[in-house]
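There are structures below to look over.
Below, chain A partners chain B and then partners chain C, in two separate complexes.
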Partner chain A sequence: MAIFGLWVINKAGGLVYQRNFADGLAQLTSNEYLVLAGTLHGIHAITSRLSPIPGSSSGAQVIEGETFKMTILLTATGTKFVLLTSIAEPSADGTLQKVYDAYADAVMKNPFHTPEMPIRSDGFEQRITALIGDGRTS
Partner chain B sequence: MTIYSLYIYDRHCTCVYYQDWHRTRRPKPAVEGGILPAVSQEPFDPNPTSASSYTSPRNTLLSSSGVVVAMNDAISQQTASPLLKAPPSATTIASTGLSFDEEAKLVYGVVLSLRNIIKKLSGRDENFVNYRTSAYKLHLFETFSGYKFVMLSDPSTDSLRLVLRQIYVGPFLEYVVRNPLVNMDSKVTGIDNEYFRASLDRMVRGLSVFS
Partner chain C sequence: MSSAYAHPHPRLSSVTSAASSPTASSSRFSLPSAATLVTASKAGTGQRPNIYDRNLNKTRVAEVSGSAFSFLFSEVVQYTQKRVSGINDLERRLNTLGYRVGIRVLELMIWRAESSSKAPKREIRLLPSLMSIHTHVWRAVFGRPADALEKSVENADEYMIIDNDPLVERHISVPKDLSQLSCSSFTAGIVEAVLDGLGLPARVTAHSTPTAQYPNRTTVLIKLEKSVLEREELLK
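And then the complex of A and B:
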């Protein structure tokens, strides 16, 4: 089981953080990641409107392919945390919560960080490295 | 656990078949010309209890439109097996606020975009399988001929890919592909016919996840 990558998407659909961990997925350019994040942002909004039952639906929470899945955590402020893992990875939700903690501590409390802008923070990088490392889980 | 609806799209991106089961939140009727004839048999009355004489433009099969797809006419509608009738629902039917043709396009758009994202990210010829929200789960099965089977189910259901494949291998091949009266790939009509609908309905209702 492995964690392949982590994205942070701001509330406007811009990719503000992207990092790869374990190998297994294609290596894309940063421009391609920006496009994918923007597309995902749009799809996420549509999926919440397609619910076949009354009551509100969240947007897509888990998107699965054949060999990997994307777990999406939408925070109350509209920021999306996306974790790309192998299908059987059980820790995806827990890891995303810890990433959110790290984001709150190391990014939002950083006086030099501009909201909605790309995250360039050594503290956040270190917390993520400590949390995910090289992406190999058990 | 339950199954909500099934959409079938052909390789021209058009919805050629639709059926729903336990769906309690329906789209509005499609606009005139928004959807092909012979896609769905249900009259799609947004308010099923009212005795409205309004017929949906989707139901062009019932009028003498000249499009006869596998004897799916007004008589067969009336004498259709009770299995085909929508189950009486105790809950009221809410509306999604979208018309059916818009909804069908949104579903197709989501499926196509996710498929492209997955292919791009994997760098291989990998298929998108399903996604899950808090209210439902959407499953995709794509055939080599470009037909896409999309099913919406309860979020706790396991993957329905094999079920969708069974629909393709069973009812679809038997009553659509091998049916000389079905004009496949025509861009002018859907693939709905009584045998396909009945066979599909039987199959879906027999699933262990259907309750």
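And then the complex of A and C:
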């Protein structure tokens, strides 16, 4: 089981943070990551209107492939955290919550971060490294 | 001060017993009206007294949320940064803001010392004052004492207070192009105000001195004025 990558998508659909951990998925160029994040943002917006029950919906939470799955956490402010993991990875939801924690602490409370702009914060990097490390989970 | 405090200091009782509560005559001050204050506090957690009527000596429940402070301080730094031209200017402004806090910290600490101990003491010598800043001011402001108090080897007029993980910088990552900046200048301002208030004028600055174990380690450098050392010499 492994965690392959983490994305943070801002509320406008821009990729503000992208980092790879365990090997296993093909590497994309940074431009491809941007396109993928923007597309996912659009898909998520549509899926959140698909619910058969009227009212607000969370939208897609897990998108699964044959060899990997992506778990999506949508926050109340519209920021999305996406974790790419192996299929059997059980800690994806818990890890995303902890990433959200780290984001709230090390990014939002940092006066040198501009909202909606790419995240360049040593504190956030360190928190993510401590949390996920090389992406190998058990 | 007013009779609204649960246990006013005995020495103040004769002066204050006739005075009314500050919120009752709030039209004289630029305070929010008593009615809004009462409804605001009632809407929250029931019958809490408003902030002006709370007992100043209850330190245990007077703690505020660390997250709320971090957000506020972050905004303070951003606001200040928009209005300055360089790192020195930014540090100076943060220092000035801290100074305004420090004046109040000293007043509050003296008020608490007066009402809690039978023989309240005012520090007049240099070393006990510095020890008191290291321990009591830090505990009053940050909830724990600082990690070290050191005397400079090279200069007789320099002392250093060291904090391994300063609360104000816990969530701050300074970008590389501002690597000289230390947001603890705010703390330095607090220290400067307390020293000034105790009659020990000094110039106080903050410097990042990271170690492998403590990446946020900060040294607050106190450079005392000549007059202070001369007076210490006479008091010996």
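Just so it is clear, the second predicted complex is superposed on the first by the 134 of 138 C-alpha atoms of A that agree within 3 Å, B and C clash if a C-alpha of one lies under 4 Å from a C-alpha of the other, contacts with A are read in each partner's own complex, and residues count from 1 in each chain.
The working rule: a residue touches a chain if its C-beta (ideal position, glycine included) is under 8 Å from a C-beta of that chain, and two chains touch if they have at least 3 such contacts.
Predicted, not measured: the structure shown is a model, and the values here were computed from it.
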More residues of chain A are touched by which partner: chain B or chain C?
-> B
Look at A:48 in the shared chain and tell me whether it touches chain B only, chain C only, both, or neither; answer first, second, both or neither.
-> first
Scan A:106 for contacts with chain B and chain C and give back first, second, both or neither.
-> second
For chain A, what residues appear in both contact lists, the one with chain B and the one with chain C?
-> none
Taking the complex as given, what residues does chain A use to touch chain B?
-> 25-28, 32, 36, 39-40, 42-43, 46-68, 84
For the complex, which residues does chain B have touching chain A?
-> 4-5, 20, 23-25, 91, 94, 96, 98, 103, 106-107, 109-110, 113-114, 116-118, 120-124, 126-136, 138, 152, 159
In the complex, go through chain A and note every residue touching chain C.
-> 105-106, 108-112, 120-124, 126
Residues of chain C touching chain A in their complex?
-> 67, 70-71, 73-78, 81, 171-175, 178, 183, 215
